[in-house]
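Structures follow.
Shared between the two complexes below is chain A, which pairs with chain B and chain C, respectively.
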Partner chain A sequence: MSALAAVATALQILGVLAGAPLVVGGMRQVRARLEGRAGGGIGQPWRDLRKQLRKQQITPRGTTVVFALAPAVVAGSTLLIAAIVPLIALGSPLDSAADLFGVVGLLFLGTVALTLAGLDTGTAFGGMGSSREITIAALVEPTILLAVFALSVPGRSANLAAIVSASALNPGQLVSPGSVLAFVALAIVIIAETGRLPVDNPSTHLEVTMIHEAMILEYAGPQLALVEWASGMRLTVLLALVANLFIPWGVAGAHPSLLAVLVGFVAITAKVSVLGGVLAAGEVFIAKLRLFRVPELLAGSFLLALLAVTASYFFATPTN
Partner chain B sequence: MTQATYNGVLNLAAGAFLLAAVLIVWRHELRATVRLLAWQGLALAAIPLTEGVYHHDAALITVGAVVLLLRSVALPLLLTRAVGTEDHERRESTPLVNTTTSLIITAGLTVLAYAVTRPIIALDPSPATRAVPAAFAVILIAVFVMVSRRRALSQAVGFMMLDNGIAATAFLITAGVPLIVELGASLDVLFAVLVLGLLTGHMRRTFGDTDLAQLNELRG
Partner chain C sequence: MTAALHDAPTVPVLGEDTHAKRPSGVVVALSGGLTAALGAVGVALGLAVIFGAPRHLRIGWLLPLVGVRFDLDPLGGFFMAATGAVSIAVGIYAAGYAQRERWAGFPMIMLPLFVAGMLAVPAAGSVTTFLLAWELMAAASLALVLSEHRRVAVRSAGVFYAVMTQLGFAAILLALVVLSAAAGGDAFATIAAHVGGIAPGTRTAVFVLTLMGFGSKAGLLPLHAWLPRAHPEAPSPVSALMSAAMVNMGIYGIIRIDLQLLGPGPHSWGLTLMIFGAVSAVFGVLQASVATDLKRLLAYSTTENMGLITLALGAAALLSSSGAPKVAAIAMTAALLHLLSHAAFKTLGFLAAGSVLAATGLRDLNKLGGLARRMPGTTVMFAISALGASGLPLGAGFVSEWLLLQSLIHSPHENNTLLALTMPLSVGAVALTTGLGIAAMVKAFGVGFLARPRSPAAEGAREAPASMLTGMALAAAACVVFALAPALLGPTLRRVLAVLPAVGGQAAGPALGTYLRLPGVSGSMSPGLIAAALVTAVLLTLGLARWGRRHRPAAAVVPLWACGADSLSSRMQYTATSFAEPLQRVFDNVLKPDTNLEVIHFAESRYLVEKITYRTLLADPIEERFYTPVVRAVTTWAQWVRRAHPGSVHLYLAYGALGLLVVLLVAR
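Entry: the complex of A and B
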């Protein structure tokens, strides 16, 4: 591990911290423009965060340490993911410590922390939101694991850097059926996991439809700021991860030069901007699914992931 | 055409073929399923076309062109004309098995197809035979679609899918059937669809509906 790889990792963390509100703001702005509104500008989430962070800390009566710690757990686990995954360069110091399965585990650690916090408040909405969130999470998890399995077959490893460098060396396998199916499955799952349309509407506060917002209804001030910042960071990290898994160009190697790190930074910024813009533009055209039809979507994505595994396993390996 | 491109195109065609079958299970609008059937016909035609180009076999290319015209243009066009215009006729509204369960069953059928075709692949492991499980899975999924749908037209779509699956298996295992056999089979399917279209129209005029579950009693 070179010193510049460590610099690249630090840059990843800082970039996710500073960039997440901009990604959220950019997506809101794209959506607003397409709907014919002026929009609050790309910097609006940052201004919201600043306002929330200046407010007084309020803890609802009867809540325990679970409620108080959940925002920190979500933000911490997301930052850890940002340090592990190869966003700018491959040779992260933490790369050998966690593979794609570890990343999925960290992702669910954050989800579970928030659902426990929702239950901890003891309010009707918190419990309802938690129950919905954990239902979706239970359906999402097997799909993510299967899609990850399909992706790790060509690289012969579940290590993220190994997967990204294998697909960068052999771009032909990116258009193989296994890879395409895994991409679609992973995209659906990430939309569900980050609470975007059509699974959850991030801008609603209507009682019957909200999922993520229902869990965090009791948070206010700095803690709310942290939760919202963390959910923005999750979205950013996952978008960047998908971008690098399926469009692996521009990622610096394990022993990068300063120029390669800069190119990696610019490349990942461009990829996330494009992907976020496409996602936001797509959301304009779809409505939220009924909650009881969400399992249908997730079962479909599970099936696609299963097909991805069968395709990449059976087509790729000679049977003799 | 190099070996790697041949492998890639063949796998992509087989994957798209299977994916179209899965999406037909997923979607309930009849027009959408017919459109997906056209895409499946395109993926099916790509298999003999690829093999024909790779093995420099003109007959196989001709078969591929016939398959392309028939299964991705002519038959979907005929089926689209048979779709009713009324609102309740356009959708498979009350399926016997709900979508989530059908998708899980489809997943099971796919795994089953991979399990039972292992001996066939072991006989002659080549890129083409290794894609046989996908074609076989489509056959199983088609049978499932035929037994789990209510509308006459969805069952016709299932029948077409079954035939597509059988044709794909034949192309992949034997590197193409003789032209005259393929023409005969295609003509058979064409007439079957024509008759099914006529029957559907007749059913709608007589009963005002194409729900086959209502056909279990005699009407004067």
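Entry: the complex of A and C
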């Protein structure tokens, strides 16, 4: 690990911290324009964050430390993922400390913290949101792990640097049936896990439909800011991860030069912007699914992931 | 509007024994102390054998003809140490529990006896000694399950457990008798020496019979039905011993007889183990995720985890017979490590559930809640256990599940269709198990311990006494070690693996250091570093959230938002039933819930609702499908047989004379 690799990791963390609200703002802006509205501008989430961080710290009566700490756990686990995954460069100091299974585990740790906070409030809304969120998370997990499996077959490792460098060295693998199926499966579960349409509508506050928003209904002020920031960071990190897993170009190596780090930074910014834009544009044309149709969608993605593994097993090109 | 929920039974605080007198402190301390001391001996002996020479002990006079024979090797030592460690925590806990729950003398005598039986099983060196120890363990546990026999539910669970454990024993007895007859010896060492000469048909028969017998002890499907009945009804320290130590003996039997003595077997053995394991894991966790009785949930979670261990054993056997000993060694390490971590978090889970039961008299999650403020110590303990059971990072189950997944994804697949099909499906099963396990544990902890109390009993809960907390703290410390520093277990696991050549014993197992590295495949992970980094990251975000603090008004505690109404009643909260309802709906076809929703309207208008009654009954579908017909057939047959003994002494004398005649004729 070189000093520049550590710099690249620090840049990843800072980039995700600063960029997440911009990604959310950008996606909202794309939607607004496509729907014929003026929109609040890309910087609006940042302005919201600043406003919320200056508000009063409020503790709902009867809640415990679980409620108070959950936002920090979600945000912290997401930041840790941002430090582990290769967004700008491959040589993260934490790469061998956690592989893709570890990253998925951290992701779920954040989800669990928020669902417990929802239950901790002891309101109908909190319980409802938690119950729905955990149902979706439980059904998402098999697909994610199977997709990880499919991705780890070519590089023979579930460590992220190995996966990304294997597909960068052998780009033919990216258009193999296994890889394409894994991409679709992973895209669906990321939509489900980050609460985007058609699984959840981030801009709704209607009892019958909301999932994530119901769970965090009791949060206000600085804690709400942290929750919203964390959910933006989750979206950003996952989009960036998918981008690098399937479009591995531009990622700096384990011992990068300064130029490579800069190229990596520009590349990941461009990839996330495009992916976010596509996702937002797609959301304009679809409606939210009924809650009990969501499992069907997830079952479909599970099947795709299973096919992806089987395909990558049978069509695997021997690399060594 | 009222809603009636009839789900899990509620146990009265002290049963009908309200008048029972407190047991004397000396007796209680003696029983708990003896249990813990036996456990300590087990741990010391187990570790001595793992790191030293095997030990042998023959007591010829104790049993006619064959004598009692103990041969301890590293495999037996491993199970002995695991059982001993559980017993230490349970013994200390039981001292406080027995006092608080006013135990009678009988269970206090049986508790050390049960532990002694369990310690003797892995030490047994011959078929006769093994069966003897096994039966001692089974009988003592049955007596302990029945210790609150004044309740009907306990008696019914006891009958269920007695029948199933004895049927399992019969299967094991038959298998081992056939095995020792075929090998021409009673000692395991003799059998191991002559196992090559046994016909394949006999080997398969022994495998099937032992799988049934040991599988029923381990709670594998479809022989799991005793587990969700007996574990909830037994006193909690006993549940902990049964669920964290006794079920392991089923796994021990499978490893010792099927993998070590008989193995290596054909592909089909490994495949069979994998199928039974995967089905048990998914079914167990599905039932746990919809269960509303805290101890029943934990019992189903035991079926789930034993399923995962069996799946890992099967994967190890299959990989080994497919020529991948290195990956097989990873799977076997995963099985052994998961067994240990399950023992730790399940001990803790049942002990914490026991504290809740002792404090509130409740096992029904729908009536619990708000314990975090009333029983903070117990709540932290249960949280550690639940984190371990959910297989998330920082939890005790994470490392072993990671190893299992690594062994599944690194199986060699070139020109091997069998592995190419089984491994992805196994990963899917493990992943679904983990996902649903998270849901089950979030429900148990979130509904049971957080939020507001749902009944007066939960509202009046008070913290468990010091000895109970100490017992739990020991198990919690083990959980933390397994979660953060599995490196400490590395040498032990390596030595146990070395005596299991049938499952990749010759290959170097995974190196468990600060970083977990897998030999032969690229993959590494460091649970300790992840934990440290996560703590740093959380502190960093807490620092970030201080930004803008200068502008904030003073912090305030405010009422919950009540949608504009006056206040929220605790009945407006989500319950365990409502929390699991989406999952119950998704898995409708498997769970087959019997739900009944009755809406009664006012006579004046159909638009106004007077009363809503919701009942849901979640019976075990396997039990209904497979057990009910068998029980009915046996009952019908018994009714037929009954006609032969109407009570006439003359008839009985005639039977006796006829029987004697037949015997004489046959023996002539």
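Heads up, the rule we're going with is that the second predicted complex is superposed on the first by the 316 of 320 C-alpha atoms of A that agree within 3 Å, B and C clash if a C-alpha of one lies under 4 Å from a C-alpha of the other, contacts with A are read in each partner's own complex, and residues count from 1 in each chain.
Quick note on the criterion: a contact is a pair of C-beta atoms (placed from the backbone, for glycine too) under 8 Å apart; a residue touches a chain by one contact, two chains touch by 3 or more.
It should be emphasised that the depicted structure is a prediction, and the values quoted were computed from it without experimental measurement.
When the two structures are aligned on the shared chain, A:73 is found in touch with chain C, with no touch to chain B. With both structures placed on the common chain, the touch criterion links A:304 to chain B but leaves chain C unconnected. When the shared chain is aligned, chain B comes close enough to touch A:177, but chain C does not. Using the contact criterion defined above for the overlaid structures, shared-chain residue A:115 touches chain C, although it does not reach chain B. With both complexes superposed, C is the one of chain B and chain C in contact with more chain A residues.
Residue contacts after overlaying the shared chain place A:238 against neither chain B nor chain C.
Once chain A of one complex is fitted onto chain A of the other, the partner contacts of A:164 are absent, as it touches neither chain B nor chain C. Once the two complexes are laid over each other on the shared chain, residue contacts for A:22 go to neither chain B nor chain C. Of the two partner chains placed by superposition, only chain C is touched by A:137; chain B is not. Touched by chain B in one complex and by chain C in the other are residues 295, 302, 306, 310, 314, 318 of chain A. Residues 172, 175-178, 180-181, 295-296, 299-300, 302-304, 306-307, 310-311, 314-315, 318-320 of chain A are the ones touching chain B in the complex. Only residues 4, 8, 11-12, 14-16, 18-19, 22, 26, 98-100, 103-104, 106-107, 110-111, 114, 118, 121-122, 125, 130-131, 133-134 of chain B touch chain A when the two sit together in their complex. Chain C contributes residues 289, 369-370, 372-373, 390-394, 398, 402, 405-406, 408-410, 413-414, 420-421, 424-425, 427-428, 430-432, 434-436, 438-439, 442-443, 445-447, 450-452, 515, 521-526, 529-530, 533-534, 537-542, 544-545, 547-548, 551-562, 568, 570, 572-574, 578-583, 585-586 to its touches with chain A in the complex. The residues of chain A lying in touch with chain C in their complex are 17, 50, 53-62, 64, 66, 69, 71-73, 75-77, 79-80, 83, 94, 96-99, 101-102, 105-106, 108-109, 112, 115-116, 119-124, 126-128, 130-132, 134-135, 137-146, 148-149, 152-153, 156-159, 162, 217-218, 221-223, 225-226, 230, 291-292, 295, 302, 306, 309-310, 313-314, 316, 318.
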